[in-house]
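Following are the structures in question.
Okay, so subunit A shows up in both of these, paired with subunit B first and subunit C after.
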Partner chain A sequence: MSTRDIVRQLEAAKISQPVPRYSTLHVRLVDNPFMVAFVRMAGESRPWGIVYGRLNDAAPRVLTAGDGRNREAVAEICEEFGVALCQYFRAEGHTFNPITKDNLDTKDLPQIWVPGERHVEMFHHLEYAYWRVRKGDDRTQPLTVLARLSGWIFRESGRTGQQQIIDAARALRDAYAFPADTLSLGNLTTAVAWFKEDGVLPEKRIRVRTAGEQRVSPTLDPGLDKDVLSPLVEQRADLLKAGKSLTLVEQKIHDALGRELMARWNSMVDAYRILANDTRAENIGVEKLVKSTMDKYVVEFQRVERGMLDSSGDPVFTPHPETDFHGSAAAAGYFRMQAADVAYTASLVHDDAELCAEALASGHAFMAEVTDVWNTGVGRVTIPNWQVKVPIGEISRLREGEDYSLVGNPKSKVSVREVEVVDEEHWSVHIEWESPKVRDVSGPISAKPLDSSWIGHRLIFVPCDTSALTAKQAQAVWDAKDGVGAWLTHGRAPVQVEENVIDDITQLQDN
Partner chain B sequence: MTNVEIDKEYSDLREALIKELNGSCKLAVVQAPPGSGKTYMLLAVVSELVRKGKRVSLAAQTRRQADDIAHRWARDYGQLPAVRLGSSGSQAPNNFPDTVPWITELAELPHGPGLYISTTAKWTWVRNLEPFDVLAIDEAWQMAWGDLMQCAKLSKKFFMIGDPGQIPPVVSVDVRRWATAPRPPHKPAPEVVLDDPELRATAFIGSLPACRRLPNESVKYVKPFYNFDFSAYAEPNERLLKVSNDEPDQRLVGIINMLNSGQPVLVTLPTPEEGLPPEVDIELTLRVEQFVRTLLMGRSQMVVAPGDKPRAVTVKDIGICATHRAMNGELRKALGADFSEVSIDTPERWQGLERPIMIVVHPLSNVTDPSDFDLETGRLCVMASRHQVGLIVITRDHVGASLEEFIPQASQAPGQPDVVGRGHFAHARFWTDLVDDQRLVALT
Partner chain C sequence: MAGLDELTDEARRNTRGRFEQWVKNPQCETNTLSAVLNVKLADVALSLGYQPEYGQSPFAITRGLQFEGWLFKDEAKVIRESMEKVGILEANSSGFLDLRLTMNGGKSIKSVDAALEKSHELLVNLSKDKKFIPTTIIAGLMLKIPKGVMLPEATLIIDVASIQRVDDEWVIRVGEIKVFPDRGGHTDSNEISTARAQAGVYQHALQITVDSLGLTNPPVVSTNGYLVFTWPGTNSPVIRANEDLTYQARRAALGFERLDNLAQELISKKTQNLAEVDLKDWIAHSKTEYKEICWSFCDLAPRCQDLAIADDRAIVLGTEASKLLGSVSVGRAIELLEGVDPKTDVERALQVQLLAAKWETV
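== the complex of A and B ==
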């Protein structure tokens, strides 16, 4: 935990309330998102019950199976959920107006909310459960599509800055500092209770702890499982054996699970409303993150679905639920994740004073006073150069050759040419302007970099957005496949993978 | 192992590498303990290949390392052709050797035999170049497999040499997706090769026999970080460090004189009852400053190499290392202008460097509940293996108890090695070895 985190936590403790973590919100709150929560039987990975719907629906849809171990019953509820999810995501084959590269609009961002991290993992379980389901040659069978969409959701959830899958507990933790430990805040009801409960810290802690006893994980409370649901499931099995009606007992199971599902649903809705009522503005950089999220959705999910709908029956690349067995696919995916990580802070830091302060405290950004301005360009070429003074102790990440942007100017780029000690308090840093060279940049003043009126101003430089370069590495991995050293780097891995998966790789390379 | 045997093993390995890489072998991997002459071996092998008319590209992991290799090449093999490929628009640093031209445009690269030095980052962007005969990779355990993949067009043959105990490539994203991939893109390239039975079968694999940097008596403390054995090249009692006894703080004098045995010293400060400071531990920084002051003002004398006369310790002989950048910033402030030439940096930046005397802040000093990141062995291994004469490890005194209470969760993916468990073992072993050898001094 950084010193800034501790200070924020102390501030929260002082007023017995969560306090804003940053100056802006880093998440897009769509008007009427899709929300879903799961419960599962102990020892099972598939859902036993699902609650889903849109935030503004009169009531969410609650689906349960009589027995969480019954694959057919579970598949039935998953299929219904899958169709609704695919329709909401405007997946190819599920709507007349699918999201495509041509009609992509960031206002149409499909966004799915879940109560916490374990619910995100449920999508991974769904992918594993149904990715091989086939009915003849039909590759668009609803459960298979659900598996592919679930796989996409699970993989995308790990990409820094993505805006499509919102883990409600995490969204609250990211937006606020709580007077509590991070572990307890993994439970959404605990996080929400910090906003809903009144009182000063000691009493409030007790009330929050009591509220947090309501689980929101897909795994049910062991007491409820043992004392309420297990007897009902046993009763159902006995009735089934005896050939008697299951209606009543299944209704009881549905009611018990429904209460649990609704508790999860309500916590999610509370979390959404807390964020929606926050007076902070959405960070300007979020728009860029949304665009990137939707681009990825179209390229990595919709394109696959379009291929599946193709009547030619040609194989279509589908990522394996476990990992990328193909080396190039693995490396390309890794570099895309890295690019997203670089883009995240670089997109947001220009519009968030707190995030900027955090970057300063961690040494990723630096503050400097301009001491000299000169031109090294020859003839009509302008190359603005600055000498800046940086306090010692705040500079440890600053290295020669690294690139930064002037805060508030995301497209600006300066390169550090030389760092030297001037006195016991300061470093002197020579920076060269790469972009813009002759246009104005804004800060305490708005002027061209070569304008000497910058002298004396204290400015903040933040890491440059190099995500485009990192993303190019993903392509470079594929491009190198025919190199003379590819026998080592791009050879077939020792793990046996289904032939059709390997064949699909050619399509990925072609794209 | 005697030094004669070590020298023979070293030269046998060099000859074998030259023969293999000049012949049909396409892949050589050499693992090396810290300060064992990795770069020396690399250049010795590469120079022979260049003499035999080969074009060899060399990938260093940082610009500083690439420049250092260029200097060493100019010094030891100046008559053989070499170029340093720099980034576009860059200029050679001051005092860069004239015999190694600084080139920034690919079109200006010569075509003949020689050594072509650059960084991995630069090589990954190179396109449309006539393939080299060999790609030699220095500090290869710092190069991720994904980066090596981009270098496939560079060469058919690969020669990797590095220290497996050092810090692996930085991973800032969620890599669970590739935890069980046959060739994980984020893992060190040589590790992927050695973990893959097919690649391993095609490779020439060797290891350097001895650590030359550390005092003989320090080597045993870094061995638990490695899964292969190695010896100490320095003879027992070869290195020396002594500080004058007329310094005011006799406790510090006593601690510094303990370094004369060649073993590290573990210095603890009480853990505050109100809890540990989060990032910057002011009391520790003041203690470090006192050690530096005592070393430099106390007319300290040291011997680094056999046959050397004792000489005074200077600011350039001392290095300081802490994992937190904020802590390093505070240390820099505490030392002030008088000691501005004392190198202070993170373990990541200390890789490949050495100093006669190192003062390091234990990576768990401000951590009572270590995370996977904290228990990664590379940082402590780097910190414990930079010194030629003496090492002071300074820390809060809870570390032994915190390590004892810690239970590794084995949360790795199925079938994967328990890296955290191994890290916990190595950390605990380092600590207990020092305690058992009575190298712990508790300051109040």
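== the complex of A and C ==
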């Protein structure tokens, strides 16, 4: 947390309300997203109940199992949820019109909302639960497809700037500064209450805290478990043993879990509406992030599913839920994540004054006054060069050889050729225009880089989007398999974790 | 003057839990007293009119017992297989000593004293009987920590321990069992560090117990421990072997020493006999040190937050804001941000920092 963040918190405390963190919104709000929340029995990792649906549905679907430890009952609700999720994601094999690279349209972004981080983790648990198949099993049955989609959603959730899975609590924290501690804001109901509750501090703090007593994590309140659910589950077990009807007791369990699920659902809807009613515009860079999200979805999920449906019977690579078991895969994954990190700020900073100011304060961007403009091109070749005067900031990361863009011109690229100290307060920096060379760029004026009317203007340069280069490194890692030292970097890991795993069915039989 | 020896027997039984509670906020006198005097924070909260929130779900308790029961079933067949696979035990190992109390799923040990006696017997036999062939897995090894550590004496139960012959010496390794799912690199780092810290406490406790016995040829307490988690969604154990517990054990040693000193210091301030003191009242009116982390373990957190709100303390904005603002209240910081004249050097320095970060957007 920077001092700037604390200043924002103080500004929020002054008006007893959350205040916007940035000038624009950094998330795509799909018109009618898919929303889901889970509850699970304490100590278990699979869901006990699921609420899901589209935002504009008349009512969401609430599914529960009689006992959260009963694998068949849990699998049943997961399967129903899985089919709905796959259809919404237009997954291969679940729709007549799957998303492919040929029909990819950013307006069709499938977006899934969850109340918080622990619900994102539930996708990982779902992957663990259903990803294993035995030789000869049908790998296109709904539960295994759900496992692969869940795995993909979980992995994607960790990629900076992705727009497909929205952790509602985090989305609010990213968009606003609250007059509260970060820990409490992990609870979505607390974050939402800061918008819903009236009044001024300090009374409002107490009301927000009271509202936040409603849990939104998948794990239920131990008090509810002890007083309500545990007696019902015990009663159910007794009835089962006596061979009596379970309908009534299971309805009671469903009602108790349903109330909890709906509390999570309502918080999510509130969070969506808060962001949808925000007057700030969507950052123009978000479109690029959405495109990247959908590209990844097609390449990393749909392509695998296409392979599964293919009747050739050839093995299809399925990522392991735990790790990649391969040094090259890990290295390539690292470069892809790094590229996403670079692309995120580089995409958004051109359309967000506050983000730009943050970049300046952190030394990632610099402000400069143009003092000279000249051409080093020969003949018909134009190579615009500028000499600029840069105030030496408290933190500066300006280095020779680095590339920057003129703010507001995401595709522009200048290279820092030389940095000289003029006096105690300024550097004189020689920059060369690499792109564009002869077209106009926009700033306080709109002119070609070689136009001398730029002289005297103060401009901001932000880090250039070098993510494409980083992404290429991911491919280079794989291409190095025939190079020197490949025996060291491309060997397969000897560990086969599957040997440690007791198959669900075997375990059931043993028990 | 009050004496530590006057504390009840029950105070000895949950030493580890009390130590871990104290470590979460050692600056808080209320927390320290609660740990030392073995008075639950939930009870103190209730006495002040706050409804306690924490406690374990009955489902979680059942799950934990079931998992442990599964691991130790049939002479610890399941955990043995896993331990052999990761190299904690050699292949075809044998022998299982179950020292768990019957109330905790054990088969024959009915009392703490019986468990302590059997545990002591094992450690002594490892030392002096050359022909003694120990079991390789022990569940519920119970230790009585000598006087001077936190309380007159304290009892610790080690979830699982293993014994191996290495270079002519018996080596004991401690393990911590958690029902928490191990998701490889995605495993919750807090859960791992908590489990490791707890194993460190066991390692330290076992070391000082062995040292205190004064054995001529004592068994070696390995600094390598292991953590036993579950494969997500199943009862299959996932063992993280070769966990270096050196630093966690050192943390425990330093922590116990500091807590012991604090305990002596706090209790020596009381002129009355402890039996005559209303412990809850004493704890409720001791000095607190409210932090964000208190919400993760302390039932008094709402009360301390109420006090912080009433005093307009910076901690209501979080730890980072509290570090920056120090003793300056939120209201005063807002004034400084708006440009009022600072009254002290501290305020002046803070104002410079706040105004520097209150830039206008470009």
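Criterion: the second predicted complex is superposed on the first by the 487 of 511 C-alpha atoms of A that agree within 3 Å, B and C clash if a C-alpha of one lies under 4 Å from a C-alpha of the other, contacts with A are read in each partner's own complex, and residues count from 1 in each chain.
As a convention for this text, a residue touches a chain if its C-beta (ideal position, glycine included) is under 8 Å from a C-beta of that chain, and two chains touch if they have at least 3 such contacts.
Remember, predicted model here, so these are calculated numbers, not experimental data.
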item	value
Which of subunit B and subunit C A:M1 touches, first, second, both or neither	both
Which superposed partner A:L183 touches (first subunit B, second subunit C, both, neither)	second
Which superposed partner A:A476 touches (first subunit B, second subunit C, both, neither)	first
Which superposed partner A:L248 touches (first subunit B, second subunit C, both, neither)	neither
Which superposed partner A:G327 touches (first subunit B, second subunit C, both, neither)	first
Partner chain(s) touched by A:D423 [first = subunit B, second = subunit C, both, neither]	first
Partner chain in contact with A:A361 - subunit B first, subunit C second, else both or neither	both
First (subunit B), second (subunit C), both or neither touched by A:S230	second
Set intersection of subunit A contacts, subunit C complex versus subunit B complex	1-3, 6, 322-323, 361
Residues of subunit A that touch subunit B when the two form their complex	1-3, 6, 155, 158-160, 322-325, 327-328, 330-331, 333-335, 337-338, 340-341, 361-363, 392-397, 401, 421, 423-424, 473, 476-477, 479-491, 493-495
In the complex, subunit B residues that touch subunit A	26-27, 63, 87, 90, 124-125, 127, 131, 135, 145-146, 148-158, 172-186, 193, 196-199, 278-280, 325-326, 328-330, 332-333, 336-337, 340, 345-346
Residue numbers on subunit C that touch subunit A, as the complex places them	53-60, 62-64, 82, 85, 179, 181, 183-186, 231-236, 238, 292-293, 295, 302, 305-306, 309-310, 312, 315-321, 324-325, 330, 333-334, 337, 353-354, 356-362
Complex contacts: residues of subunit A adjacent to subunit C	1-7, 9-11, 13-14, 23, 41-46, 68, 121, 124-125, 128-129, 154, 179-184, 201-202, 205-206, 209, 213, 219-223, 225-226, 229-230, 233, 321-323, 353-354, 356-357, 360-361, 367, 460, 500-502, 504, 507, 511
